[in-house]
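In the two assemblies presented below, chain A is common to both, partnered first by chain B and then by chain C.
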Partner chain A sequence: MRTSSKNVLAGYHWMAAPAMVFTIGMIGFPIGYAIWLSLSNVPPGGDPVFSGLENYARLVKDPEFWNAFKLTVSLYAMSLSMQLILGTWLGLLLGRSRAAQGLTRVILVSPFMLPPVVVGMMAIVILDPSFGIANWLLAQIGLPPGLWLSDPKTVLFTFAVLDTWQWTPFVALIVMGGYLSLPAEVFEAVELDGATSFQRFWHVTLPLLGPTLVTAAVLRSVDILRFFDVIYLTTQGGPGNSSTTLNILAYRRGFEFFDFGYASAIMITLSAVVFGTVLIFSKLRAAVAW
Partner chain B sequence: MKIRYVLGAAALSVALSAPVAAQTFNWRAHEGQTINLMLNNHPWSQAMRDLAAEFTAKTGIKTQIEIFNEEQFRARLTTLMQGKSADLDVYMSLTSREGAIFEKAGWYADLAPLMADKAMTMPDFNYEDFSASIRAASTCGTKIVALPINQEGPLFYWRKDIFEKCKVAEPKAIEDLPDTAKALKACDPSMGVWAARGLRGAIPYSLTAFIHNQGGSYATPDGKPGLSQPNTLKGLAMYASLLKDYGPPGALNHTFTQVIELLGQGRIAMTHESSNEFANIMRFPGRAQDLGVKVMPPGRDTKISKPVAIGWTVTMSPNSQRKPASWYFLQWATSREIQTKLIANGVAPPRASVFEGQEFNKWIAEMPIRKAWADSLIEIGKTGTGVYQSPTDRVPEARDIIGTAVQEIVQGASPADAARKADEALAKLQ
Partner chain C sequence: MVSRNILRALDRIQLTIILAILGIPIVWIFMLAFKSRTEVAALPPKLIFTPTLENFVELFNRNDFLHATINSMIVASGSTVLGIVLGVPAAFAISWHRMSWPATITLFARMAPGTLFLLPWLIMFTKLGLVGSHLVLILTHAAITLPVVIWVLLPYMDALPRELVESAQIDGARQDQILRLVAIPIVSGGMVVAAILSFVFSWNYFVFALVLSGIRTKTAIVASFNFIGEGVTNWGALMAAAVIIALPPLILTLLIQKRLVGGLASGAVKG
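Coming up: the complex of A and B.
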């Protein structure tokens, strides 16, 4: 008499309990506590007092929140699109090139190994209009100086460029991996059919890379929406509020102005945005699967 | 009956005084303990890191010191205090900024009982050696919440050699500043003329003299936010226009670190920056010889000179499990002996006996600029203020709003519009 494997496994489900408890403890508790704080009034030095949806109602009416929301989405859109476009280009280049092997690849992908704090410090050193080398270089080639992070009109784009500089190689690595795993016979067939390079890229490579690109987009989305360190190190959300993203706003409300409940409400909202974005990309991944 | 009463009283007084006499202060009473200190990056903290070994040698108490830049320091401090962490024993606090919030939150231990305990406090501690105004800044009612470690405020630094070369007179009234800047720029268009704090939260510290000296105030006579008052607008407009027309590019992201770097490197002719940075400025070659320093000139008609004058303090967490050992550190670090040693680090002593002492006077006599710096500190100690926002307990937020108004003017908004907007936001904090 044989017991089915399903029944055998069912008998051992309890063995997953430690992992479940650990997961709930490490992930569930902090999130649950943050939600609790967001539903409370938390005076400095005092215990949270339940206040229902008061913080969320305040958030809806707060122009600073909506400005931060707009900036977060703008930064996300600029950074993600640049990283996907440049990352795809660089990834295909790395995948096809015989020259870009070994050490060359390591050098090309090294920026994303830098801690964000280092990138922030580099931005201060390079982009400060008074001290930085960037304007000096521009002057050498006869171009006017830029204000980079000091001008409300350019600050967000400058952050998008900085993030793109750092993380495009990461996208490129993912794309390269995806490209190298594509079936070679498809490309051979397309070549026999006499397709041009552009047709090959547009009608074959890109659709086949769809799932890979969605994976890269999910990973980058989570990071870009939480982009914090470089902004805090360089502008602290300024000039004015021109780079006060949701993360910066929450940090300032919580740690500088001791408004812990409201800061938690902002962070929970941001987490919902991140979660929603990941969900949308998950649906998209199913749509582009082949 | 009367004799018996007198004898009884005498016996009681002997009985009460006996244990007091037995309680003598002993520096090694808490030997073997380790206290955790969290400090803001400041000349005092840097010096303390070097001097901590002396404290350990004297008391047998070990120290673990963490020093963070101000923003990180505040974030970590807030987290530890809100979490009622027992790990933190001693920390620095700018009582003029966060005193009201911290006291309300219960984040300061009361030092008064420890100070009153003869067994716990060194005999020559002499709290009255700190001036009344300095003591008041770290006292809430009868509760002593912190001990002062320095005194500071923004001062006017100018390059005497450049002024001389350009035949421009040093400003005698604050209203002279725009014309002075204009003349210097005309003299050498390639030269940086002015620098000051442009990062929003940092602005009010150096802005305040511009407002007060021209007869303005952050509050109306009835205690409402008053940035829109005519004289206050003058101050806001002058600060912003100097930054906009004569300041370095990117000034809106600058705080004291960038301003001092520009001054130290000889790239600007004048600034209004912290007295606290004096020692750092002097480390740059040539600045000890070519720089002048004084209190920001008063208003021409008002004759008012009222800059910021504050002091950092060191205090103890109420959650500390090592309060006696922590108190030993506090009194040692603020003692006459240690403050005298800190003079060489450019830390302006808050103790009158040190400020007027032989060592300090010998040190300032070594260079004319040191004398000018010390004289300026004495002056701002008399005329300055630690209140530089409209009335509220939410001081950091209020200063942020004031700084934002200045940033908006620099970016092209009219002073009246920016001030009105700021007043509306400030009113919500009251």
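Coming up: the complex of A and C.
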């Protein structure tokens, strides 16, 4: 029997134990296993045999890996920059007009709560080169049709646009929160200085929003670097290899070619890229803090 | 102030354009889902049409889509319950003792690419004979829902008045009673948000079920994916599938949109 005095002294640490055991079993152990697989040669159907850094040596020399790496970085750069720029624009718009209410709010949260698979299905139908509404609309205003996901030159940009459609409101709501929490006196002071609205934005609002933008950038980076569902659903990495990002390459190596060791090496590398990016942003966050 | 009114009008116009770009594609898939076969790919598009349920009838007749939808319900509910059962006490303990490493571990789980765990899981769960079961999907999806529950609940737990817990301790309440009778009633609003977000994230998740589900346990998301090859020639049914899998997240989001937006906005402040 516990006494009440013991109870006061006792900690609640044990209440976190089940969750931690679960996390270590379901996440920690598999990550360790994946690292080991990446250091092994795994013949299909056979047991892994330790092979040192062989998979990583193969990876460094593999043009397919470097192609995937390049595609991951360009998709990331395009998506993130579009989302941050448009998200800042929309976020300030929402903050200024206090518009995130009612139907507006519903429209804003809907895209990023949709299953990515639905975004892919939407893209198949709307961006169909012959029967899609997108090309029909372009034709109405006299613009040439696009091949979108069927053209190796435009496929990656199209994915960036789709992700930007889905996630710009998310960035915007974060920016709006940051903007609304800024001290009002700052704006009053610059107003008196007679600064133009662009000067005000560039020299006052944007620097003050620095930490907010870094927060948004971290959250989006993690997702964009792992971007998978919409690609796998629509092009499966094609046409050719033109949208085979690291995550797609790793998945296909692992689950279509059953090359477990090599696939794990790609996945570990991708994870390192994700964590490295988060780390860089957390340093950056300290630099832009005010 | 004329110029101020003009600026305000400009803001309104920009906002309307953006909202149209965000909203119209969603309205569009709903419209296509209710169009008849001849109208669905017609250009110029028919904006006024007689809605029909034939696409939904076809979808459910041909593809056992109903079964897949039930599977999704089972998996999303199961992983949400598991996430809540494990996550609520954990969030309480993490917040109370300001424990940093468990929070970091769950954050790590949130950031790593899902495909990283998938190969080891496939090997592990094949050995355990669990591949293709509902259980394996519930367990793997709980790896998504648990971090969501903990991170959503932490601010609610942090706001819990410490005196309330301490006075309950002095009154001789057991620890589990303190959690059940003191903490949980106060954070119940946060638990609703956590549960809904967990359900939505689990419902939306694609790749775990793609690899680990069996013919009888396919989720609606995976069934939709399998349907795409066929759906390329049958847009109506494809869009009906899109509507079925989009509706639960959209409806559930309606319930928590205010808190969701508040959470995102305040997250920006605290970072």
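In the analysis below, the second predicted complex is superposed on the first by the 258 of 290 C-alpha atoms of A that agree within 3 Å, B and C clash if a C-alpha of one lies under 4 Å from a C-alpha of the other, contacts with A are read in each partner's own complex, and residues count from 1 in each chain.
Keep in mind that, in the parts below, contacts are C-beta pairs under 8 Å (C-beta built on N, C-alpha and C of every residue); 3 or more make two chains touch, one makes a residue touch a chain.
These numbers come from a predicted model, not from an experiment.
Contacts of A:M122 after superposition on the shared chain: chain C is touched, whereas chain B is not.
Once the two complexes are overlaid on the shared chain, A:F131 sits against chain B and chain C alike.
In the superposed model, A:F260 lies in contact with both chain B and chain C. Contacts of A:V175 after superposition on the shared chain: chain C is touched, whereas chain B is not. In the superposition on chain A, no contact is made by A:R58 with either chain B or chain C.
When both complexes are overlaid on chain A, the residue A:V109 reaches chain C alone and has no touch with chain B. When the two structures are aligned on the shared chain, A:R200 is found in touch with neither chain B nor chain C. By the document's definition of touching, of the two partners only chain B reaches A:T235; chain C does not. Contacts of A:M20 after superposition on the shared chain: chain C is touched, whereas chain B is not. After superposition on the shared chain, chain A has more residues touched by C, the comparison being chain B against chain C. Shared contact residues of chain A, touching chain B in one structure and chain C in the other: 131, 232, 251, 254-255, 260. In the complex of the two chains, the chain C residues touching chain A come out as 8, 11-12, 14-15, 18-19, 21-23, 25-26, 28-29, 32, 41, 43-45, 85-87, 89-90, 92-94, 96-97, 99, 102, 105-106, 108-124, 139-140, 142-143, 146, 150, 166, 169-175, 179, 200, 203-204, 206-207, 211, 221, 224-225, 228, 231-232, 235, 238-239, 241-242, 245-246, 249-250, 253-254, 257-258, 260-261, 264-269, 271.
Chain A makes touch with chain C in their complex at residues 2, 4, 7-8, 10-16, 18-20, 22-24, 26-31, 33-34, 37, 90, 93-94, 96-97, 99-100, 104-111, 113-118, 121-122, 124-126, 131, 133, 136, 165, 168-170, 173-178, 180-181, 211-212, 214-216, 222, 225-226, 228-229, 232-233, 247, 250-251, 254-255, 260, 263-264, 267-268, 270-271, 274-275, 278, 285.
The part of chain A that touches chain B in the complex is made up of residues 43-46, 128-131, 135, 145, 147-150, 152, 232, 234-236, 238-241, 251-252, 254-258, 260. Only residues 71, 74-75, 78-79, 81-82, 101-102, 104-107, 192, 198-201, 248-254, 258, 261-262, 267, 394, 396-397, 400, 404, 407-408, 411 of chain B touch chain A when the two sit together in their complex.
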